[in-house]
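Each chain gets a letter, A, B and C, in the order it is written, and its residues are counted from 1.
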Amino acid sequence: MNGNAQFLVLNPAGPVARIELHLIVVSIILVLIIVIPVMLLLAYITRRYRDHPDNTAPYMPEWSESKLLEIIWWGIPVAIVGILGVYTVYDTFALVRPPMKSASPLTVQVTSLNWKWLFQYPDQGIATVNEVDIPANRPVQFVITANSPMNGFWVPQLGGQEYAMPGMAMRLWLEADKPGIFYGHGGNFTGRGYAKMAFHVVSRPQRDFDRWVKLVKQSSPALTQSGYQQLVNAQSNTPTLLFSSYPAGSFERTIRHQGGMYMQRDLSIINADR
Amino acid sequence: MAVTKEDAWGVQARSQTTGSTHDENELRVAGFWVFLATDMILFACLFATYIVLRGNTDGGPGPRQLFDVTGFTEETFILLTSSFTCGLATHVMHEGRRRALVLWLSVTALLGLLFVGLEVSEFVRDVSVSATISRSGFLSGFFTLVGTHGCHVSLGILWMGSILFQVMRQGITPAIARKLTIVGLYWHFLDVVWVFLFTVVYLMGVM
Amino acid sequence: MLPHYWPTLVTGDPLIYGADASIGLVSIAIVFVLTYYKKWGWLWREWLTTVDHKKIGILYLIAALLMLFRGGVDALLMRTQLSRPNLHFLAADHYDQIFTTHGTIMILFVAMPLIFAMFNIVVPLQIGARDVAYPYLNAISFWMFFFGALLLNISFVIGGSPDAGWVSYAPLTENQFDHGPGENFYIMALQITGIGSMATGINFIITILRMRAPGMTLMRMPLFTWSALAASIVVIYAFPALTVALGLLLIDRVAGAHFFSMDHGGNPMMYANLFWIWGHPEVYIVILPAFGVLNEVFPAFSGKRIFGYSTMVASFMAITILSFLLWAHHFFTMGAGPGVNAFFALASMAIGIPTGVKVFNWMFTMYRGRVRMPMPMRWAVGFIPNFVVGGATGVMLATAPGDYQYHNSYFLIAHFHQVLIGGTIYGMFAGMYFWWPKMFGFLLEERIGRLAFWLWNVGFYVTFFPQYLLGLMGMTRRIYTYPAGMGWSSLNLLSTVGAVIMGLGFLFIVWNILYSVMHRSELRDVTGDPWNARSLEWSLPSPAPHYNFAVIPTITRRDEWWEIKKYGRTEDYRPQPGEIQDIHMPNNSGRPFLFSVAFFVVGLGFVFEWYAVVILGFAGVLAIMLHRSQEVDDGHQIPADEIRHEEIALGRL
């Protein structure tokens, strides 16, 4: 990787991260409209009006009001916040929709555990730990929860974070528009093993993805109910794992059991998927 | 210019300003109002918590199974009456009637005690049917909200007891009048909180 | 009787043993010195029982600087651990404890006492009062803060520190995941200190609204006092939410309730809401007084009126109100839905407007003035670029979709350190240098002060600018180590170097204070107005006599003292012998101290779940309250003659 490529947020690999980067750039430009003049003005004023005997600059100790000036500096921030606000609201609503309507989305169920990430593919019937494989150029609907203290699901190059909350089903749309391996990490502290809760998103062309699914189904072990419980209870980090199947309904049960049963919205999200 | 100067800093204005500029008793009553504002927010947060959790019974007993209409109606009646007698106490205090003051203050404290007793017996009854604070989110919210109010009332009773003792020893001094005003504010405030409790927790619970 | 986690009470870590030993030695040394010089009586009479706002302010300041040292050491330990990838200097458990105490201490036990120090030292003098509205309560506030801080700090020695971050989000802090006494220490320390803060808020609201000298209308009030009023209003409306959040968490932990637990119908997100309903206003509580200090410092050192006084007042009030409408921007990523996120994003950007206006007003206070650059002004001018960049990154964080990428990354860390250090700490240091002569009667030496400032200022940028970049590289907060090959190593090393430079800057500030104490006779302020400043406190000698004003002045305009000087009327402004009357002042009392000790006992009881101790502590609290209530007169008269003598000794009669 060259130096620049390490700025993951600035190197988006999908439309969601690109929208976010665009907003970041817009916001930087807008705030610089204030920051740069203020810095220059500060340097100028503190130099020009220094208190030394031969300073010829005007001295007006009683001058303390100017309607015009004050209107200007109430006005400029209002305008900037107004412009940025429009962009922000637009993007906030845009990001809750799938990034692309033409392709049918893939659903991946994400569970934060102490201290690893479990990914379940309801349509493929497979499960993985600490690695999530997705087809490129196809929107992916991540439905996120936690069977652990709350965490955050963050893949900087694909797009922003969504929390993993016990008892809640959180939806995050992401899409990779090229094949690649992307770094991801937990976004909210969950205890001793949190620092090592990194995972990888592996994006490949649809055909390779299908082949990979088939391979996992054939060659990987099954995740049994007791294996699932072991993962939940282990309180440790885990290497990448692949499973050809997982206990049916474990994701929904986890959410219901931890308070999802009281939340209409979350019930509707998990029911809509099934 | 010299003339304006004289006007602006004239000695006349200064001479009226020596000595204390505020009344200590009035100051403390003002501060207590601000305290009540903080206490109101405390209760608002507890109410919000209760409202969020009230459906979360985890398969355990809910409001309908636990709340006893006669019981909480009695509690309400007793506490409202105590607020009235507390008002009477303040009234006779202004008239300087010390013995009447002792009487009404005692009645108020006793009614408060009765209220707390009923609440404790309600809690004991709940616990005896395994409806404990650790049973469900709903019960955690219920016991904490109602219990916090109960603790406030208990503290108020102790407070009144202390003032009663002072009235009997010192009579009605300005300082004691101030203390009575403040404890009266506190008592009426708790009454108002109870009205909300009665409505949000009990009435809406059994309806 | 012993709790189930008894074996963990004394951990086997050599760092902890070392700390235990050094704390023990220092304590023995302090006891020895006090006994040897027979200072126990002095300590009790002059400091532990004082109700004088000026002394309480000094106590706050000393405690804050001590806590800044502790929090700073925490920071350096963390930066050392992160200086290289895969270091084993600190283990995960230990690192988790350190970032938790670092955050908690810096906000609650550094920033808060610093602002309360300034309130106490300045507000009564600025408004022409002899003390705060409730001096006795004021002493309680300080000692509650002090014993709260003590409780958090002893967690390090016995039982283990809290380790779930300064926000202590449930359900991580529920028994299910974290069952040591550490979290209980956090909860009880914050509860106890929170009671003190709430009392301070009430105290200063009433002091400012009711105790102003005649003629001082609200719109003639110095702007620092305005900032104190604004911050106090935020305190009283915000702190109850913290009390509730922590109280419910405690009930969850000790009584097995289910407010924030994952099962049995608890709701963890509610904790985040309650916490930030306090937590966001809290950051405005600590920044508003810093704005206030700057509002005094810029005019004083520009020889010019503050620009746009009314605008300043309006922006204080706007910030006060808006600060309550932002809390959810701390969890844009918790799935609240686009409508909610959009609302909180807009509100968060909007609060930048009144804040930005202040910056312009400060600069135009200097414009067409005569700018002098002694230490207070240096910190104030250093504040501006810092706060402008911090504010700008704050606006960037407020854009919800942008925040999805910044949330809990080092970008966020850099941002809030920039506004909390570059804002609050710079502002408070400006205030400390500015009012130091008013507190102690001598100035802080300039040369060492300048060196300290530059070390701190350079160290600051070297520490935190790399962290913005690390955030954009995907580095998240609260990780105790990171792998090589992410490209994070060199920037982390740079950040650590900056932290060491800042640490040196702190040591130079300490040296600056010690040096100035030793050379206080050369640095003495004999005028009472060393900076040629503007408000009422500078009309008094330095330090002010314990009754502050022999005669309460009547105020006729803003910047009263400046106008008096301008018209050459300072002689007339001194008290005339005939005007002096007896003054009623509150008595010292040992009860606030003992009351807080009793609360400390309650705290310890809850920490280890020893309910007999809890009951004992509450009995002590109650006994002291009853004792206080039986007191008929808690003040004393100072005869006019005594005041005349004192004013003559001060050369004012």
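Worth pointing out:
By our rule, a contact is a pair of C-beta atoms (placed from the backbone, for glycine too) under 8 Å apart; a residue touches a chain by one contact, two chains touch by 3 or more.
Just so we're clear, the structure is a prediction, and the values are computed from it rather than from any experiment.
The central chain of the assembly on a C-alpha centroid basis is C. Set side by side, the interfaces B-C and A-B show unequal numbers of C-beta pairs in contact, with more at B-C.
The geometric centre of chain B is 31 Å away from that of chain C, both derived from CA atoms.
Centre-to-centre, using mean CA coordinates, chain A is 47 Å away from chain B.
Across the assembly, chain C contributes residues 263, 265-267 that each touch 2 or more other chains.
Each of residues 56 in chain B touches at least two other chains. Counting only residues that touch two or more partner chains, chain A has 259, 262. Per the touch definition, chain A reaches chain C in the complex via residues 1, 3, 6-10, 17, 19-21, 23-24, 27-28, 30-32, 34-35, 38-39, 41-42, 45-46, 49-51, 55, 57-66, 69-70, 73-74, 77-78, 81, 84-85, 87-89, 91-93, 95-96, 114, 148-150, 152, 154, 156, 159-163, 165-168, 170-171, 183, 185-195, 198, 257-259, 262.
Across the complex, chain B is touched by residues 133-134, 198, 201-203, 205-206, 209-211, 213-215, 236-237, 239-241, 243-245, 247-248, 251-252, 255-259, 261, 263-267, 270, 274, 277, 551-554, 556-557, 563-564, 567, 569, 572-573, 579-581, 584, 622, 626, 629-630, 632 of chain C. Touching chain A in their complex are the following residues of chain B: 55-56. Across the interface of their complex, chain B is touched by residues 259, 262 of chain A. Those residues of chain C lying in contact with chain A across their complex are 92-93, 96, 164-165, 169, 171-172, 177-178, 262-263, 265-269, 302-309, 311, 331, 333-335, 337-338, 341-342, 345-346, 349-350, 352-353, 356-357, 359-361, 363-373, 381, 384-385, 388-389, 392-393, 395-396, 398-405, 407-409, 469, 471-474, 476-483, 486-488.
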